[in-house]
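The following blocks contain the structures, represented as structure tokens.
The following pair of complexes shares a single chain, subunit A, combined with subunit B in the former and subunit C in the latter.
Let's turn to the complex of A and B:
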């Protein structure tokens, strides 16, 4: 007997008729917990689709406030939200969209000191990296490896994007591919290089897709693959990536056994 | 010599090192690129001494930040 209410049966009916989801799958989603770190270009669409899909618990981490320049792509925030904490406007958007979803907000920057506690706070099943800087990306990777939690990495810049999914013990981590962080400002950020607004929608929605597949236990994840997308040529490429036995965090003899804070996030070119 | 670089065919006349290939194939910011040769990562330290052979498949994987702000 399904625990879904009549309203839920209707709300999620297009999921439920999918053979790979069904009522059981929908119940799984309602019982699942996903942590979204960064509620910006990637995190905004990812969060919205996960909320609409009925992932029952969502955690939102962001320390920033909504800026007018965010609204070109960060669709979880609206014009009246400018100046408000992103986690607050994110929570309200989710609440209006789907009352089935319980939202936990963390209005702080992820650091070596708090990230493991945030992951443990609700014992999240899956983590989405929607951050915009390499110190955070490496921190999320290392924390997920140490906490043995799956996560999906993504990056977007100009007209390009990439993503990969880490599942403990099942394939390479981000650090297997990108061993050490590039020096500060060596690799441009969206703020410095620009970003076509839809890129977050495309890649963030692919991140949400990976989360849903993982939670449902269906299909093939981007574990052991880096997916790259070029919007100008409309080319998707799935590049097979091996585990790195010498990886500093998930290799045979890891040299990173606890988290440290890397350098500060990318510099702000805009004058405040 | 026929190579496949980032999924595209590339013909070169003589055997060259990965370091030279990065230039020939116009890799962006070669100092930060991750190189995969026939499915295995090659350390930056090995770029000059590793030569590409006919039929090799090479991937350049780039850092991509972006997302939140």
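Let's turn to the complex of A and C:
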């Protein structure tokens, strides 16, 4: 028998009507656990759509507090939240939106020392990289490869965005494509370069879409592909990317067997 | 009395579209292919939409009977595609 209540049948009716979802698919979502690392431009919309979709357990990781300059794009936070930890305001937005969702917050920066424990804390099924800096992106990739967890990478800047999905054993990881971090200052941060507010909405929502498809086991994921988007020209490009057999983390003879913290400074690195 | 022959029964006269179809769909998910479900539904939107949605998903509507009170009872066989 279906475990869905009448209220859930109504709340998720537009999902359940879909042939690829149905009541069973909705039950799967309610039983799923997604970890969102970074509740900023990408993580805010991704989290909100996953919460609305009824993903039953969401983990939010962020060490930062809400800044007035975040509100132009980080729609999970509201004006009265300025100065409050992002994970707290994220939790409240989700609670108001959908009481079916259990939220776990981690008010800390992901590091080599804690990231595997955070992933294991609720044995998350899928991870969303909503971070804004290369050290975190490489750390998330390496942690997910070592933990054998699928995740979706994304990056946004100015009018451009990109994303790709890693599924253990099914395709390349982020490091297969981008072997090492770019040198310091080679790539501007969003604070230096600016970003159109909607970019996080577009790319973060695509990340949420990948998560939902993975959890439901439907459609084709961006495994083995990098999807890029240019808002000015309205061009999406889906670039095929091969697995690198010599990849330092997921290759045949990996040289990275444990995590280390990389040193490039973060976009939002701030003296507290 | 087609509903007595069905493997399961559901009353959706207390809900409106699209929850009508949602409830039938979820009830069908609990059945095996080839099993039947008797559905008690209202005239109007439900009887116009629910049979069509069932056919769209590959189920087979075996019978539709109008009741004395103006409501309907339909029997649907679960199809392999859904």
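Structural remarks
Note that the second predicted complex is superposed on the first by the 265 of 272 C-alpha atoms of A that agree within 3 Å, B and C clash if a C-alpha of one lies under 4 Å from a C-alpha of the other, contacts with A are read in each partner's own complex, and residues count from 1 in each chain.
One rule holds for everything that comes next: a residue touches a chain if its C-beta (ideal position, glycine included) is under 8 Å from a C-beta of that chain, and two chains touch if they have at least 3 such contacts.
This structure is a prediction, so every number in the text was calculated from the model and none was measured.
Overlay on subunit A: subunit B and subunit C fit together in the combined arrangement.
Set against each other, subunit B and subunit C touch different numbers of residues in subunit A, with B touching more. In the superposition on chain A, A:19 makes contact with subunit C only, while subunit B stays out of contact range.
Of the two partner chains placed by superposition, A:140 touches none, neither subunit B nor subunit C.
With both structures placed on the common chain, the touch criterion links A:226 to subunit B but leaves subunit C unconnected. Once the two complexes are overlaid on the shared chain, A:60 sits clear of subunit B and of subunit C alike.
By the touch criterion stated above, A:10 is placed in contact with subunit C alone, subunit B being left untouched.
Closest approach of subunit B to subunit C, taken over C-alpha atoms in the A-based superposition, is 37 Å. Taken in their complex, subunit A has these residues touching subunit C: 1-2, 4, 9-10, 13-14, 16-17, 19, 22-24.
Those residues of subunit A that touch subunit B in the shared complex are 38-43, 62, 64, 67, 70, 129-134, 137, 154-157, 160-162, 176-179, 182, 186-191, 195, 199-200, 204, 226, 237, 239-242, 244, 266. Within the complex formed with subunit A, the residues of subunit C that make contact are 18-19, 21-23, 25-27, 29-30, 53, 57, 82.
For subunit B in complex with subunit A, the residues that touch the partner chain are 6-7, 29, 31-32, 34, 36, 39-41, 59, 61-69.
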